[in-house]
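Have a look at these structures, which come just after this line.
The following pair of complexes shares a single chain, subunit A, combined with subunit B in the former and subunit C in the latter.
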Partner chain A sequence: MRVDHKGLIDRTQRVNFTLDGNRYQGFAGDTVASALLANDQRLMGRSFKYHRPRGVLTAGSEEPNALISVYRGSDVEPNVRATVQEIYEGLVVRSQNAWPSLGFDALAVNDFAAPFLSAGFYYKTFMWPRAFWEKLYEPVIRRAAGLGGLSGTSNDAEYEKAYAFCDVLIIGAGPAGLMAALQAGRAGVDVILADEDRQAGGRLLSETYEVDARAGHEWAAGAVAELESMDNVRIMSRTTVTGVYDQGTYGALERVNGHLPKGSKAPRACFWRIVAKRSILTAGALERPVAFQNNDRPGIMTASAVRAYLNRWGVAPGRDVVVFGNNDDAHRTAHDLQNAGVHVAALIDSRWDVTPTGDFPIFTGAQVCGSAGRKGLEAVTVRTQSGTEKIATDCLAMSGGWNPSVHMTCHMNGRPEWRADIASFVPREGMIPGMLTAGACNGTFSTHGALREGQAAALETLKALGKRATACDLPAAEDAPTRMTPLWAVGGTGRAWLDFQNDVTVKDVKQAAQENFRSVEHMKRYTTQGMATDQGKNSNVAALAILADVTGRGIPETGTTTFRPPYTPVPIAAMGAGAEGKGFAPERMITSHKRTVVLGAPMIEAGMWYRPSYFPIEGETHWRQSCDREVNMVRESVGICDVSTLGKIDVQGPDAAAFLDFVYTNTFSTLKPGRVRYGLMLREDGTVMDDGTTARLSDMHYLMTTTTAAAGNVMRHLEYVHQCLRPDLDVSMISVTEQWAQFAVAGPKSRELLDGLLDQTVDDESFPFMACGDVSIGDVKGRLFRISFSGEHAYEIAVPARYGAALFDVLNEQATALGGGLYGMEALNVLRIEKGFITHAEIHGRVTAFDIGMERMVSAKKDCIGQTMAARPGVNGPEREQLVGLKPVGAVKQLTAGAHLFEAEAEVNRINSQGYVTSVGFSPTEQSFLGLGFLKNGRARHGEKVKLVDHMRGIETLCEVCGPVFHDPEGGKTRG
Partner chain B sequence: MRLTCPVCGERDLREFYYMGDAVALARPDSEAGEAAWDDYVHNRDNPAGVTRDLWQHEAGCAAWIVVTRNTVSHEVLETALAADVKRAMS
Partner chain C sequence: MVELIATTPAEGLLPTSRSGVTLNEIVLEQVISIAPFAAQAEGVEAALGIKLPKVGGSVAKAGKELVWFSQGQFLAIGFDPTDAVMGKAAITNQSDAWCALEIKGSKSEAVLARLVPVDLRASTFKQGNVLRSKLGHMPLHITRVGKDAFRLMSFRSMAGTMVHEISRAMDLLDARG
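For the complex of A and B:
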């Protein structure tokens, strides 16, 4: 219920929202949780395994129970904490994990099956009959598992990523963080103060403490005002620092529009990478629940949450509140409630040696040992010296002490230290280079302690940054000592919850130990304690305390598991902002792209390039018609193909020739200027890396080509060889792939076309086979290379890229006039297969020069990369799979790449495979399917029949082994 | 994580390409024998501690650099141009 005269909400602004279609009203500043409690709605969710009714446990981002889904149009964001989601006009939220409704959840039947669903149940049950696992058990369990659900439509919410740099990053804007920011900000260093909350102040917003003789939240507001006035200070609110990474790098998630009504143009969230020279962790502490039988009913929450709802949101979570704890915070809770006019039904302190005062029933040396009220708390059972007693109540505020939020300090694999005096883990010094800790996260729980340590950390940080600074005055604040006696679990027979989100109880932890999962790492995974989205914030310490107890060890000896980023869940879309859809990879287009698309050619991706498959003409309905026609066209008249995507590397310098001799297996220093040579490049292990043609344009100037997909690799390799192996060579190299548009002009009429087009004469004298030279078309200067990938008389013409589109049109026009036209990748592939020319389908990274029949290209007269290893035993010889051609000779005509080859009568199994097929195509020239592949000792087996078997496509074809060159084996057409 | 390129200064790790151990700089003579070449091509130490690697500033100046770092603490101890390191070796 709402309480008058309390809270930092704006009561002048009413806000309407819905939960499961039911309408509720709250005020600006409310969260879904506070607004629901104000409306006496305690039931907010159903637990993961047992589907028990649950209410909110906390008032912060560590909330394990009240997880909701936020609906924005068709967009659904699941597992949002009701304690974090600020309400706005028209907000639509739905509860999770309940069907058909939150009030009546059919899967609550699981609660009765609890004895069969304890820790590790899936290792022991649902095993028989075996067939039932795949058909029944797994689908049912899968559907029941998980909490929220996704919409199933693509997420069109926008996310951003950003970078920030500063001298000091202060993580947490409570009293310690604000004090540190003031001290550091006043000294003039660049400060970023980040807090996950919408408003700075930390616990000061939820307590009735005074700082500097003012209400704590007023002091905080004043500090914020001063910090906002400083140019060197940046306050990032709604920003959770999610992880600590190397070298002072921090990840942070800023929630940008989650609290804004639909229609906001801001992105949903921004994922930050913050680089800070130093940092101060002032992340505060989180309160521990107490484990007792049925401690998970709606209405049972932490005492600090009750104070937060009361003092910050003006909400009493109940009308008759019982307070139960093992420390003085419990007393404060009772007094705050009483002062606000809320009835306190009882104050129960588990300690004997305390004498709290107040106008309500007080029990010391007592413990809550049970509760009643399935859909909402109705009563608790208290065990005292004299026996048990039932107290009617609708809200239990429990406090088991505080856990300093050490998480960030452990992200680089450090482990915290146990302090027995406060029964808490605290950070060890130096766990994160450059990070200091202050305040509650350091185990210092008083307000004065937080302010003092925040200032001290800032001063030490300033010193480390080389900045002089004097300590400013510390505002006055309470400095109560921490007094508590550990109470992890109250004895009893029923289930007592530790991990609320994953439904893990004290019994489960004890069972794990009993089954010998005694290490905290095993207990965690076996019970799933600490593995929910709250990362065990509410259960880690209690669970390991119980494990320690049950295994007869101390807590330090039992140890903790590893804290890992992110501190709270981060949407993958935020981390991947900008990388969705077209943002994932660049698209590289050739200069003829626009024309190609207009002509209706389907485009395929080759690496990041887009290349045309074929150019359909009117009447063609199947790609094979176009492909066959294009192949015939190239062999009979002339074809034009854009080959700009192949890598081009410009190599220049006095030692360019020597350099190429070192990277290629064959010799390029002997190549005359004005000539082109085919080169083979090996890796240092003797495997073929790439092949291509390299032209010598002048004495000290070469132009290398590489295969499209390997261009980057080869460029990197050349730089590596030069800088790391041969820095003595005077040579420079640069990629010019994108600078030159290049087109193949192939076919018997190619010379006629080019002779007519270019300023220069193109004949056998000026351009013999494998010649190159400068050419021009009017003012446009280009280069012509007489090389052929089709096996026809052919050339490649290169012009600066800005003329590419225009040249493509001219070439197309000229070719068409000669009875030819354009050809695409499909035809390109068939033409080269017909000639036995290899691509990376054949040189796939595991073949040697010997395998492809080019062993004689490895010159013995000079060293080159890969030469020594290419000569080792095992990579040459009859046992190797060697390049062969394949032709179908039986009834079945189909060949497929990837199929394996077997002797005609052999049993088809893995051991009997003699090789495999790498490239296939239908050859209109030979009127047959043709294939290239590798066969053991293939060169000695020409004429033999082998069986091609493709299990995936169900094909078996009898083939004849032959040489890989099917068409014009003498090469007369190329050389003519 | 960031590396300091000797040419460009401190840059995000993602601008760099990692190749492997800097022992690659010591390419054996072609007559050095099988064991030397097998070691050079195939065998590497894998210490939990200080390593010397070859990285390339691929998205930047294309310089190959030798990075001395600690694989346990992730501390980067030194960066130097590979060409300089190689020249100093002979």
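For the complex of A and C:
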């Protein structure tokens, strides 16, 4: 129920939202949890395994029970904590894990089957009969398992990723963090202060403490105002630092529009990578529940949560509240409630040696050992020295002490240390280089202690940064000592919950130990304690304390499991922000792109470049028509193709020739200026890395080409060779792939076209086969190379890329006038297959020069990369799969790439495969399908018949093995 | 007589702006790469009359700009050093290879924070400083050219993606209000 005169909410702004279709009203500043409690709605979820009715346990991001799904159109976000989701007008949320409704959940029968569903039950069941697993058990389990679900449609929410840099990152804006930020900010260093909450203040927002003679939250607001006025301080709210990584790098998730009404165009979240020279962890602490029979009913929550709902949100979670704890801190809950006019039914302290005071029934040396009220707490049972007693109550505020939030300090695989005096784990110094800890996360629980340690940490940080600073005045604050006696579990026979989210009880932990899963890592996985989305924040310490107890060890000896990022769940969409759709990879466009699209050519993507498949003309309805026409066009008149995408690497220097001799298998130092040579490049292990043509422009100047896809790899390889293997060579290289737009002009009429277009004469004298030289078109200086990938008389002309689009149009016009035109990738592929020219389909990373029949290109007169390994036994010889050509000779004419090859009469099985097909195309020139592939000892088997079998497409074709060059094997056309 | 018309890398895509930030294309008429051969750095400096910039730096003198590009490589922007350094250095024309954009405004650093994974704060990345990094997934050469202004250079072929990614970052930042 709502309480007057309390809370930091804005009572002038009413906000309406729905849960499971039911309408509720709250105020601006409410979370879903606080608003539901204000409306007396205690039932908020169903537990994972037993589907028990659950209410909210906490008031923070560690919440294990009140998990909801937020609906925004087609975007459904599951497992949102009701304690974190701020309400806005029109918010739609639904409960999870209940069917048909939260109030009546059919799977609650699981609770009655509990004895059969204890820890690890699935390792011992669902085995018989075998057939039932796939048909019955698995589908049923799959439906029953899981927490929350997605919409099933594409998520159209936008996400961002970003980077930030600072001198100090302060994690947590409670009193310790605010004090550290003030001290560091005033000294002038760059500070980032991050907090997962919507506003800074930490516990000061939820307690009735005074700081500097003002309400704690007012002091916090004042500190924030001062920090906001500093240019060097950046406050990041709604930002959870999720993980600590190497060398001062931190991950953080900023929730951006989750609290804004529909229509906001801001991103849902931003995933930050923050690099900080130093950091201060001021992450606070989380209160521990107490395990007792049926301690999981709606209405049972931590004492600090009750104070938060009361003081921050102006909500009394019950009308007759019982407080139960093992420490002094819990007493404040009773006093705060009473001062606000809420009835306190009892204060129960498990310790004997204390004398709390207050105007309500007080029990010491007593424990709550049971509860009643399935859909909502109705009563608790208290065990005292004289027996048990039932107390009517609708809200139990329980406190088992505090767990410092040490998680961040352990992300680089450190383990915290146990402090027996506060019965808590605390950080060990130096676990994260450059990180200091202060306040409650350090085991210092008073407000004064937090302020003091925050300041000290900031001063030490400033010193490490080389900044002089004097300590500013510390505001006055309470400094109560921590007094508590550990109470992990109350004795009893029923189930007592430890991990609320995964439904793991004290019995389960004891059973794990009994079955010899005695290490904390085994206990965790066997019981699944600590493995839910709250990552055991509410149960890790209690569970290991119980495990320690039953295995006769101390808590330090039992130890903790590994702490891993992220601290709270991070949507994968945030980590992959910007990488969906077009953002997945850059799009590389050729200079002829616009025209190509206008002409209706379908595009394919090759290594990020977009290239045309074919250029359909009017009347063509099938790609083969276009492709066949383009092939004929190139062989009969002239074709134009944009080949700008091939890598072009400029190599210059006194030792350029020696360098190329080293990276290529063949010799380039003997190449004359003005000439081009085909080159083969090996990897150090002797396999073929890439091939291409390299031109010598002058004595010390070469221009290398690579294949499109391998351009980056080759560039990297050349830099590696130069910097690491041959730093003695005086040579320099740089990519000019982008500098030049380059076009193939191929076919019998290619010379005629270019001779007419260029300022220079193009004839056999000026440009014999494999020659190159400078040319021009008016003021535009270009280069011409007489090389051919089609097997026709052909050239490639290069101009600076700014003229690429214009030149493409001119070439198209002139080619068309000569009876030719444009051709795309399909035709380019058929043309080269007809000539047996290889691409990366053939040099796929596992073939050697020997395999493709180019072993003689590996010069014996000089060393080169890969030469030694290429001579290993096993990479040469008849056992190798060698490059061959294939033609269909039976009734079936179809060849497919990826098919395997078998002897004509052999049984088609894995062992009998003799090779495979790499490239196929229909050749209008040969009027047949042609294929290239690799066949064991292929060069000695020309004329033999083999069976091509494509298991995936169900095709079987009888083929004849032949040489890979089908058309013009003498090469007369290119040389003409 | 054929006259070829030139197009710029980001032709037709810019300018664009949102609150606090504008994005324009910079047309770099002439960009030449210089990589001094072994023991020739001083000779190149003498020939050019400019000291070669340190790693991450740039030098500007009377309309000529020389920027650090990568290990032992520099870009000459706005002048042609070819004749002066011929034989002392490897020289290539890079005038058409790069798409150069200028992002300017009070929010320019915040926009770049979404795409560039290096420290661009004015205290560490000062005017005239230069870095090789990434713009999203694209290779980047970035120079701070003003208090709130940066020159971004990436591959010409990626001009469309450059504009798309920066525009998206600008949109999402703008939407936060």
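General remarks:
We adopt the following convention: the second predicted complex is superposed on the first by the 975 of 976 C-alpha atoms of A that agree within 3 Å, B and C clash if a C-alpha of one lies under 4 Å from a C-alpha of the other, contacts with A are read in each partner's own complex, and residues count from 1 in each chain.
Everything below uses one rule, namely that contacts are C-beta pairs under 8 Å (C-beta built on N, C-alpha and C of every residue); 3 or more make two chains touch, one makes a residue touch a chain.
All figures in this text were calculated on a predicted structure; none of them were measured in a lab.
Applying the stated contact rule after C-alpha superposition, one finds that A:Asp336 touches neither subunit B nor subunit C. Of the two partner chains placed around the shared chain by superposition, subunit B is the only one that A:Gln867 touches, whereas subunit C remains out of contact. In the superposition on chain A, contact of A:Glu738 is made with subunit C only, not with subunit B.
Of the two partner chains placed around the shared chain by superposition, subunit B is the only one that A:Glu684 touches, whereas subunit C remains out of contact.
More residues of subunit A lie in contact with C than with the other chain of the pair subunit B and subunit C.
Of the two partner chains placed by the overlay, only subunit C lies in contact with A:Ala162; subunit B stays clear of it.
Judged by the touch definition given at the top, the superposed model places A:Arg716 against subunit B, while subunit C stays out of reach. Looking at subunit A, you'll find residues 275, 723 touch subunit B in one structure and subunit C in the other.
Note for the complex: subunit B touches subunit A at residues 1-2, 17, 19, 24-25, 27-28, 30, 34, 37, 40-42, 54, 56, 58, 62-64, 74, 76, 81-83, 86-87. Residues 158, 160-165, 190, 256, 264-267, 273, 275, 578, 582-583, 585-591, 609, 650, 652-654, 723, 730, 732-740, 757, 777-778, 780, 799-807, 810 of subunit A are the ones touching subunit C in the complex.
Taken together, the subunit C residues at the contact with subunit A in this complex read 1-9, 33, 35, 37-38, 71-73, 89-98, 113-114, 116-119, 121, 123-124, 136-138, 155-161, 164-165, 168-169, 171-172, 175-177. Subunit A contributes residues 245-247, 249, 275, 412, 684-685, 716, 719-720, 723-725, 727-728, 863, 867-869, 872 to its touches with subunit B in the complex.
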